[in-house]
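Got a structure for you, written out below as structure tokens; questions coming shortly.
Order of writing sets the chain letters: A, B, C and D. Residues in each chain are counted from 1.
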Amino acid sequence: MSTRRLEAFSDGVIAVAITLLVLNIDLPDLGPGETLGHGLADQWPVYAAYVVSFVTIGIIWINHHVMIGRLRETDHAILMLNLVLLLTIGLIPFATSLLAAYLNRGTGAHVAAGVYAGVFLVMAIAFVTLNRHILFRKTHLMKVELTAAHRRRILARDAIGVLPYVLATALAAVSAYLTLAIMAGLAAYYAFPAAAGVGIGD
Amino acid sequence: MSTRRLEAFSDGVIAVAITLLVLNIDLPDLGPGETLGHGLADQWPVYAAYVVSFVTIGIIWINHHVMIGRLRETDHAILMLNLVLLLTIGLIPFATSLLAAYLNRGTGAHVAAGVYAGVFLVMAIAFVTLNRHILFRKTHLMKVELTAAHRRRILARDAIGVLPYVLATALAAVSAYLTLAIMAGLAAYYAFPAAAGVGIGD
Amino acid sequence: MSTRRLEAFSDGVIAVAITLLVLNIDLPDLGPGETLGHGLADQWPVYAAYVVSFVTIGIIWINHHVMIGRLRETDHAILMLNLVLLLTIGLIPFATSLLAAYLNRGTGAHVAAGVYAGVFLVMAIAFVTLNRHILFRKTHLMKVELTAAHRRRILARDAIGVLPYVLATALAAVSAYLTLAIMAGLAAYYAFPAAAGVGIGD
Amino acid sequence: MSTRRLEAFSDGVIAVAITLLVLNIDLPDLGPGETLGHGLADQWPVYAAYVVSFVTIGIIWINHHVMIGRLRETDHAILMLNLVLLLTIGLIPFATSLLAAYLNRGTGAHVAAGVYAGVFLVMAIAFVTLNRHILFRKTHLMKVELTAAHRRRILARDAIGVLPYVLATALAAVSAYLTLAIMAGLAAYYAFPAAAGVGIGD
């Protein structure tokens, strides 16, 4: 099977998932006497979670493109591992709404942040699993032959790219704000050109 | 008409349907004194239904790709039968939310599970109908000429692939959990490489 | 501008609109003592409206493909008229939910049915306007040169295709069920091969 | 990286965002004794906001096509600036629902209109930033070599195209209706052929 329709389907799922994030931004529920401006400002965690999730999904999309771009064609195992990856990406809008709803509450914030970072962690593991499968089990389906050293280097970068998500998930027990800050820093790091060629999928 | 835009449209509908599944995962309604962690754990049927529906739609997509990939071009009848298939796929997010909402309730679980598996059953029948139409009525539109024996073998596999959905629908009368287990087992079966080349659409 | 990206964007909007229809199918609100089976059966207008709207949007998509397929390239006016057409298609999920909610109620059913058929009528007019513009103002952008007689014949068919929507809108004043029946009959008519090559966009 | 998948992904996000606008059109909440017709007429700001946002997003899409169409290939910086642009487009459904909900209310209308036009303003700035980056920093990635004068002229048009959004945002403090009227006038202006070749992205 050619990679064209795999890319089209993955692009579709990722594009829908990234755009559904906006459905988490509801009109503010105004308390008695509260102005709209105040109500909008009050729900800042919603916007912060939107931006972090949007940029992170966008970076996943770029990395996905690089990963699949190495393939000449696909097979059943690649399609299924890609499906698992898409399944985890599909969960991000839910995880985002959970974090946005609980970040500011006294109770539940730690759990919500743990689930939020945890979904990204599972996504990163699904990504590395697929990339590892392509690089080491499906070399015959790749466009260009890479040396074993090169392939190990790519996978090592991938593995290092998973660590911040482990950290963000673990530190949710300390502070939900800390988790969000790590995720935001990570998105910013990948967004800058200097980081191009570093991290998951590269 | 070329198959390119048919594939693009079908990919779009399937990608949206699979991604809309996440909208069924709401924030948990916490009872008094209930923790978020407990509330999240309590709604496990929502996650189970998400995973089963996501993987099953993903497998439909793969099979759809194989089926349409045999065609050189399409005609009005193929477009309409494909539309009916998409109509049934479009119902899956609703069926999924129904099962997720009622699986754990004493009353209604059987009906919900029957509707859930029933929607997949109707989808499978629409799939077989389209594939049968292509294989036996539109051989002149196919890329490669298949022997009658080969075409009968494909259709026989399709027909066998429908049976588990009949079973899952019928056994909803016994237990909703049993229906979900059959659907989950079916998704897992198709997901493994050993099953590649077996089942609906192949 | 090439027609490729116009088709991709239109396919995307139509695919999302057709798949959003399922969001109109909510879990039934069960009255005290009402079973789930009864509640599901009770909301049959929701399913009827889903099927009619889904098939009709699918047929619009086929006709859109035929219309744009005649073009070698597009220009600003075609893009804008196409945007207006997409705007009307985008309204169909709302019109569908309105009809589904009010079909069975004593009051409001006529208005809801009028709005429902009216949205399709406006869509049909937007379609004919675009097709007329292409056939008579943008002949230099078409792939194949059609005779004036042929172009008039296409447009005449288009105009005739608008009439049932006028009828369905007008008869909403008599009965909302009648409107739905006309829309259902129209969808069924176009769905059958005999009607291929007849109606809007052909 | 080729521009093909960038276009496919951007088309997907924009197509989903434009189609999600319809989710802002809810069934009217009828007061006691209020007819459906009256309730539907009463929520005219919802329709006005739908039309203005739909047409404006459509025009963004056309301009995006022109902008990316100048590129032979893309790089990391272009992908990231494009992602920021998509992030702002993704916010439009929220901004639209905010304006629609508050336009007719005594209090909050100014803030809602300011946020509405402000989101479009930020979107326009993201657009100009990306176009400026392409025209002046990535000339080596462009298909056709443009003279410096030509590139400056394109950017000057872009900058002028931002001004109406500044105006619409500022005048929200005077009247929310005025903001909507400016946005509507702007959409109408770009929609007419005479304005082709003028404005952002051109």
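We take it that a residue touches a chain if its C-beta (ideal position, glycine included) is under 8 Å from a C-beta of that chain, and two chains touch if they have at least 3 such contacts.
Worth saying up front: this structure is predicted, and the values here are computed from it rather than measured.
Under half of the residue numbers at the interface between copies chain A and chain D are found on both sides, making the touching surfaces mostly different.
When the CA atoms of chain B are superposed on chain C, the rotation angle comes to 90 degrees (nearest 5). Taking the mean of the C-alpha atoms as each chain's centre, chain C and chain D sit 26 Å apart. With centres set at the average Cα position, the gap from chain B to chain D is 37 Å. Of all residues in chain D, those touching 2 or more other chains are 8, 12, 15-16, 20, 23, listed in ascending order. By the touch criterion given at the top, residues 7-8, 11-12, 14-16, 18-23, 25, 27, 35-37, 40, 50-51, 54-55, 58-59, 61-62, 65-66, 69, 191-193, 196 of chain A touch chain D in their complex. By the touch criterion given at the top, residues 1, 5, 8-9, 12-13, 15-17, 20, 23, 75-77, 79-80, 83, 86-87, 90-91, 93-94, 97-98, 101-102, 107-108, 111-112, 115 of chain D touch chain A in their complex.
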